[in-house]
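Report on one structure; see the data block that follows.
Every chain is named by a letter (A, B, C, D, E and F) in the order it is written, and numbering of its residues begins at 1.
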């Protein structure tokens, strides 16, 4: 078999312990995992793009098979560009599932690229980036949901 | 029985193959089906209203019992205006269902108008207008999800 | 258009106020509605088949366009036998929906027969036959969930 | 046991009959219930904050154990401030549940405060504030969903 | 207020760490919690009734406000018998929720007794009695899901 | 990396086109895929175990990296026995997901073995073995849901 490359795409605003666990799990099935930070120019982010990328890179600094890239096109186009055969996603609950299922079928329909899913760890299953942003906005503590949050500021 | 008229309401930004299939199914139960393009002045649409209406009309040009209208009031008020006894909706998944159920009960509570549901074809079950807009924004291909997309531009 | 016949199939052990409301709603779209009591010889029922059929017939004694029939074959085969173009089903919640969706797609795949769905009235949305059987087994009151329950005994 | 205080938080734009029923149910388990109107300065509300609070107060004018307060911090911080041991929430359907579950686990994780859930009455299960705002925007009637709606204007 | 009594009913075949956590949470809102082991003569259990009750009692031996009782009638009848104003239930996921919602509405409809819900701890959210029975049947280890499992044999 | 082995477990009564598609997808990520036919002596199957295994083997006769095995222990024990690092499962809808999530977390808790999920193809998303058995029992056609069904008899 040729080298297996998987893309883990998202806006990661911020990158949570849940995301982190999914990436670590995916290493067992892929030779290389690329974390793709999607940039949507019409969307506003709480955390600076450069900071977000540095933060993610710092978390996986010892993992030679993980890299962090930004992209500003359709996810499946970026897969083609980097040679990824699969999109990697985490699933927390059935709301997640419904949404992910639509996107995954659509991606397959337009490109033939499959999505592979891992379960988010139970202890992280309540974490999502938008709740973390809400806590941050209210000056609440986010360190139980994000590793090394100080790198984001 | 008097003439049975059904309203298929939506913003149709754009009108997908999934929508199209639901309308075709509904013809078996209604003498007349009106496709109502809802206009919400505070919402921004990707596709021009006039283009959206022409596109839908073109798809059903041979169906004398289907017509396309725009409306800018409560859906149930528009039903009363056009003499529709039922609202017609398609269901793809359980997320759809939860949302549609709330709206349908609410519509019944304020007007006594019932909603009747058809299943979206499995092959179109991943299609929704917002994903199509996202693909379009990134210059991806939308022709597997919309019939005659060229009419929208 | 030719006469529109719809089949409302189930085991109806017993036939609830929720079922009753769905049948009444379906009358607005069908010229004739047949309530089909499915008989599965390997299943055990709490209520006697003859009693169940008499009970349902009594509820609609004044509706000339409703009839009650038993059947012991695939639902879609029975549709073909009675000339029904559609299967009629009620939806209460998203658990219902998931199940009904599978069955409806399967029925369409093997026969081309469509299923049309109505929402169960909110006030009956907690009612289902198995809970009613449980109450009955414990000698609890079932008259708020079944019209004329005395006909079942 | 010491005095049991529960917080029922929300934006209540507007406060519906569904909210009202949940508060009345919660009185059986709490010595004092505080209805907390959350204020998010970056969000736009349809109904004026002062009006919303007066409306809610008027509905419970005879209940000495209910009070209405506004807050502009994390919900769990407000709990600490008012001495509430529990957050009170209503559940309508499984979409609600998924969302509420995430928030409740997050609140517990950062503060140890538990959430207790009541079911929304079936007859109010289609009501939610955003649908009511939509009806209002289109000049539809909202009095079947809100008690004393005239107090909101 | 008079003494608040809550019933936590189930078959508890066996009583899991998830059940245990819900009971402990409910103590904050009830003066007395009765764990009711429902006995259905037509159902087969893996664990002996007497063992199940001794096991549960042993877990709460230091809690004077918790007791264990068996019952063989409708849950709401047992509530009346023991003076419980509320049924207590835990919620793990949206499948649980759909089921619990039906039962709770039904119970309220026939008796006026409310159900109050707590979330199952995230770390126990995958545990349910039927999976544990499956593991046991295959001689797998159950001690991470049940406290003091040796008491069940 | 060492050889990656995945287990696709099930009762496969019968093995459907949906199962087949999941196995084919999993080949892209695993060096070897073992289809494990679980045998539960207290369960009754419609199709003979030997026939089921021959049927599955015949479908993949040209795939050297796929083999079919039966097992009669906990799934995770069988993984240990065959050296599988992952359990492979297909997901059709959110009902599937809820169930699979519980099992997967449980399996991880007792063994550390991860589960990886693929989406069932949309065109097979209504297929499941129990509906196929129902059709078969009523002498309906199953060839659109099972490849080479004649091998099962």
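Here, a contact is a pair of C-beta atoms (placed from the backbone, for glycine too) under 8 Å apart; a residue touches a chain by one contact, two chains touch by 3 or more.
Since the structure is predicted, the reported quantities are computational estimates derived from the model, not experimental observations.
J.: By label order, what chains touch chain C and chain E together?
T.: D, F
J.: Listed by label, which chains are in contact with chain D and with chain F?
T.: Common neighbours, chain D/chain F: A, B, C, E.
J.: Report, in whole Å, the distance between the mean C-alpha point of chain A and the mean C-alpha point of chain E.
T.: 39
J.: In angstrom, rounded to a whole number, how far apart do the mean CA points of chain A and chain F lie?
T.: 29
J.: In whole angstrom, how far does the Cα centroid of chain A sit from the Cα centroid of chain C?
T.: 46
J.: Could you give the separation in Å between the centres of chain A and chain B, each centre being the mean of its C-alpha atoms?
T.: Chain centroid spacing, chain A to chain B, equals 34 Å.
J.: What parts of chain E, by residue number, touch at least two of the other chains?
T.: Answer for chain E, listing residues that touch two or more other chains: 93-95, 98, 101, 104-105, 122, 125-126.
J.: Which chain pairs here would you call touching?
T.: Every pair of chains meeting the touch criterion: A-B, A-D, A-E, A-F, B-C, B-D, B-F, C-D, C-E, C-F, D-E, E-F.
J.: In the complex, go through chain A and note every residue touching chain B.
T.: Answer in residue numbers: 73-74, 76-77, 94-95, 98-99, 101-106, 109-110.
J.: Residue numbers of chain A touching chain E in their complex, please.
T.: 93-94, 122-123, 125-126
J.: Where on chain C does chain E make contact in their complex?
T.: Within the complex, chain C touches chain E at residues 93-95, 125-128, 131, 135, 138-141, 144-145.
J.: Quick check on the complex: what are the chain A residues that touch chain F?
T.: Residues in contact with chain F: 1, 4, 25, 28-31, 85-86, 91, 93-94, 97-98, 101, 104-105, 108, 114-119, 122.
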